[in-house]
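The structures come next, written out as structure tokens.
In what follows, chain A forms one complex with chain B and a second complex with chain C.
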Partner chain A sequence: MFPELNNLLNTTPDQVEQGKLTLLCDAKTDGSFLVHHFLSFYLKANCKVCFVALIQSFSHYNIVGQKLGVSLTTARECGQLVFLEGLKSAVDVFFRPQEEPHPLQFLREANSGNLQPLYEFVQEALKPMDSGEAAWRCPVLLVDDLSVLLSLGVGAVAVLDFVHYCRATVCREWKGNVVALVHDSGDAEDEENDILLNGLGHQSHLILRAEGLATGFCKDVHGQPKGSS
Partner chain B sequence: MAAAATCSTGTRSTGSMVVAASRNNVTSFQRRGPRTSGTDSGCSRLVSISGTRPSVRNGQLLVSTGLPALDQLLGGGLAVGTVLLIEEDKYNIYSPLLFKYFLAEGIVTGHTLLVASAKEDPADILQELPAPLLDDNCKKECDEDICNHKTESNVKMKIAWRYQLLPKIEARPVSSSRFGHYYDVSKRIPQELIEASKWHGFFLPEKISSTLNEDPCSLNHGYIKLLQFIQNIIYKEGFDGSNPQKKQKNILRIGIQNLGSPLWGDDICWTENCDSNCSLTKFLYMLRGLLRTSLSACIITVPTHLIQNKAIIARVTNLSDTVVGLESFIGSEKETNPLYKDYHGLIHIRQIPQLNNLICDVSDVKDLAFKLKRKLFTIERLHLPPDLSDTVSRSSKQDLAESAKLLGPGCGMTARGKKHLDF
Partner chain C sequence: MLESLLALGGLVLLRDSVEWEGRSLLKALIKKSALCGEQVHILGCEVSEEEFREGFDSNINSRLVYHDLFRDPLNWSKTGEALPGGPLEALRALCRRTDPGPVTIALDSLSWLLLHLPCTTLCQTLHTLSRQDSCHGDSSPGEQVHVLGLLHEELHGPGPLGALSSLAQTEVTLSGALGQASAHILYRRPQQRPSHQTQWFSILPDFSLELQRGPPLESQPYPDPHTPSMDPTTHLTFNLRLSKKEREAKDSLTLPFQFSSEKQQALLCPGLGQPTSHIFYEPDAYDDLDQEDPDDDLDV
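What follows is the complex of A and B.
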């Protein structure tokens, strides 16, 4: 969690806004520090987090999280964090066929896949407990990242549908938040990615954009962030 | 491992939903120092695998790429569990060299190799690996050379003493250390070393003749076979920790040549439409999944100059960890440019992974060039040729500027500067 970013966004772990979709975007630089920030922020804010991590392994996030002051292993053990490790699950679903629907079922499908099993996983993970007492503050869905779904054969429309469903359930119904990272391909003319980015840009309450410097590479300054809501 | 991970629909406790089995996972990203969870396969064992060393920045386990200069540029070496993507140069002359260095390093350090190619038989590739410089005689010669060089350089640097403080990219074999060796490209690797090593070969024309009996996942048939082969080797030989009886842990070095070329049955090199085509990206994702859960490192060469669709190149770059691009001067206008006359090409470090860290280890040198000497492949910082006198410098600088400008428009114009006017 970065205090400067918290100041810019006017949030603290004690008062968390609810019902928001935040879009994280990076262009010509790596925006994963934003993901780490939000992960540690929401864990410190005592929210229930469902983290769909498609790009890196659990230990990577854990080690960075420890540097930022949260322990993912403890959070996972006590039920605050539900972690879907995409890489490991993909290997399982690809090489060993599963009987029951797996969240990453679309990897086995021939044509542009269906993200419904993934949505059901998220729904199952974040649904409020029926016991009545609220152990955690609000549910949060964090996705790192959505662009890789396009590389895996899912169409942009399917991804937009998935985010829409998640927003309807998590943000509207359960008053939680959704945070997702999308890479901006810039001049690489990735049409599907642009569709996804524009669509999510319209739907989101806050867009945080990490850009590389326009003048090129600099060793000390990695880029500039921009925020718009 | 998979059975433990998939839990029944009856009791779904959200805490143990996916993957983390109760026993320890031997992933490659382990920290140095005592682990508080008290699981076995501690770090002391990982550190003692031959040919590896932990990174000084974050304790990441690293292996050498075979070129100590490249290791230095990548922040110490290639991290175990990651993919090194080499963007091939135009006529595929220099990228096979980097590929062979990687494999030769594996043989010298005793790692297991897995070589996959659609063009050459892996056995033939192994025959052509460069010979390592391990002799004592050679080491003595090198030491003598170093002494001479050092005394020379001490004498030289009396005036330009500030340059002595700058770290140099090593261009000569300094010492034969356990991590990173030097190779003689003009000689072949001794047959005994190949025979003593353990390697697996995947030659596409041999493997693809069998019938396809599993359901297609919109992945190229060749890629499916390769993934299954890799996964099989990892599982059978215990690189993913599934065989706990193995005493000595070892690294699996995977080399895949010309991935994405038409020889693999992939059509991204001749179609522009990227909607329906995601075989290569899906393959890279699955490969990443296999690598992250095993003690292995992978080098891939991809002919990105043939790929028509820039979006696919961007996606491929995002799915790889370390990306190095080679640009050779053969056949291009730069061949005659006096700026580049000492070198054979440029080397671009396009991406370095940020693993277990918020920032990555970017070197501050961005303009690097390589040259292939008779025995050695060197990477050096690109620098302008020295100016000797005023008039010479003016003309050479103007020539360079003109030639740099004229290279843009291209055909019909020669890269010859205008004569500067003398007053």
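What follows is the complex of A and C.
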């Protein structure tokens, strides 16, 4: 995690706000560093994390995580981290019987339905243990990222419904947090992405926006972060 | 401002954006209605009941009936807790309620309903909902139905926005400047021209409304009283002012490229005693000295 970002948000792994939806947004720059920050932050804060990783492989996140002081392999083995590796499991959808539900079931459907199977996967991963004693601080859902779902044929309303249900269950019922990254298409006039971004903007408690510099790309300074709640 | 928004009855459309949210104003209007003795039905799609009731005291909360479409709007949980029939049926059930007395119906939010229902169906249902005082034949003419709809402008195209706008008796568009919220209000009174009003306001933590005069002026940095104000014209390396003699000399100066009659005379007549200038030219072998004037054939 990046200590500067912790200072900006006035938070530390020991004092974690609960019940919040945080929207990460990037425009003309790569906002994935925010995803890596929150992944390592919540693992260090002893939260149970469900990471829906649709963009990179497990080893990529693991290598970056190690530089930030967390081992995803260890976290996964001890049950703290539930990792959905989108790149790998997307192929599994086509090689298993259709009756078995799969979180990325929508890839198989001709007209993209809803993300209910994905929501049920998250629900199963993060539901509180029946033993009564909480091993982890609070459940956290991390998604990298939601814009790729639009590229895969899911409608903006279906993605908003998925986040709605995650918010209702993870944030409201289980007092956990949801963090999701959405790209801002900017001038590209992507209507679906704009609906998704603005719809999530209304639902979020905190919006963290990473922007490229107005003057263009620079070797040492890549952008400027902006936060609003 | 709240009284005037509720005065006309019918549909009050609150158009907000991510930057200027409208839920606080919606809750302020709900509080106003509840304090007037009305029962308030809320169709809650975007926030949970606990979150919506936060900030209201128990007196207000007792008059609020929250229809929960937040927890399981699409019946994914299949626990039977979802409102039967989904969002459309929930909306139609509000039309069919038979409680006597004035009532306010708050839709939080119309955007959620518009994203999940066909626009025409939603508009027809809204029309029925906001015209209920004429549907119930035995209700007194003084009983009005207020329908408050929260709409997130950026989520919809001009078609649906225009359709909802045409149904509204009062339309409030939220914006602001320098951290101060403003409401641009459009009133559509029957048989009158629509009237506009802009009001700066802020919502207090208890959801009462405070009017403001305008955006706050940008804060001026106070001058430090200990440092004496310096005259910036001291210690200059150039003159800012001219003396009388310098001004006269300046005015009488002829500029080098200004063509005056004196200059013309000086150019045309050589000075007395000065030799006139000559040009000495030795023609080359290739020179063609043609005495004819090449412009002779011009008819000027």
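In the analysis below, the second predicted complex is superposed on the first by the 224 of 229 C-alpha atoms of A that agree within 3 Å, B and C clash if a C-alpha of one lies under 4 Å from a C-alpha of the other, contacts with A are read in each partner's own complex, and residues count from 1 in each chain.
Here is the rule we use: contacts are C-beta pairs under 8 Å (C-beta built on N, C-alpha and C of every residue); 3 or more make two chains touch, one makes a residue touch a chain.
What you see is a predicted model; the values in this text were computed from it and never measured.
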Chain B or chain C, by number of chain A residues touched: B
Chain B versus chain C as contact partner of A:K20, first or second or both or neither: neither
Partner chain(s) touched by A:Q116 [first = chain B, second = chain C, both, neither]: second
First, second, both or neither for A:E189, with chain B first and chain C second: first
Which superposed partner A:R172 touches (first chain B, second chain C, both, neither): second
Which of chain B and chain C A:D30 touches, first, second, both or neither: first
Touched partner set for A:R108, first chain B, second chain C, both or neither: first
Touching partner for A:R209 - first (chain B), second (chain C), both, neither: neither
In the complex with chain A, residue positions of chain B that touch it: 2, 5-6, 9, 12-15, 17-20, 27, 29-31, 37, 58, 81, 215-218, 227-228, 231, 274-275, 278, 281-282, 284-286, 288-290, 292-293, 310-311, 313-315, 318-319, 354-360, 362, 364, 366
Residue ranges of chain A in contact with chain B within the complex: 30, 32-33, 36, 56-60, 63-64, 67, 73, 76-79, 82-92, 94-96, 98, 100, 102-103, 107-111, 121, 124-125, 147-148, 150-153, 155, 183, 185, 187-193, 217, 219, 222
Chain C partner contacts - residues on chain A that touch it in the complex: 114, 116, 119-120, 157, 160-161, 164-165, 168, 172, 194-195, 198-199, 201-203, 207
Chain C to chain A touching residues, read off their complex: 17-18, 21, 46, 48, 50-51, 70-74, 76, 111, 115-116, 152, 154-155
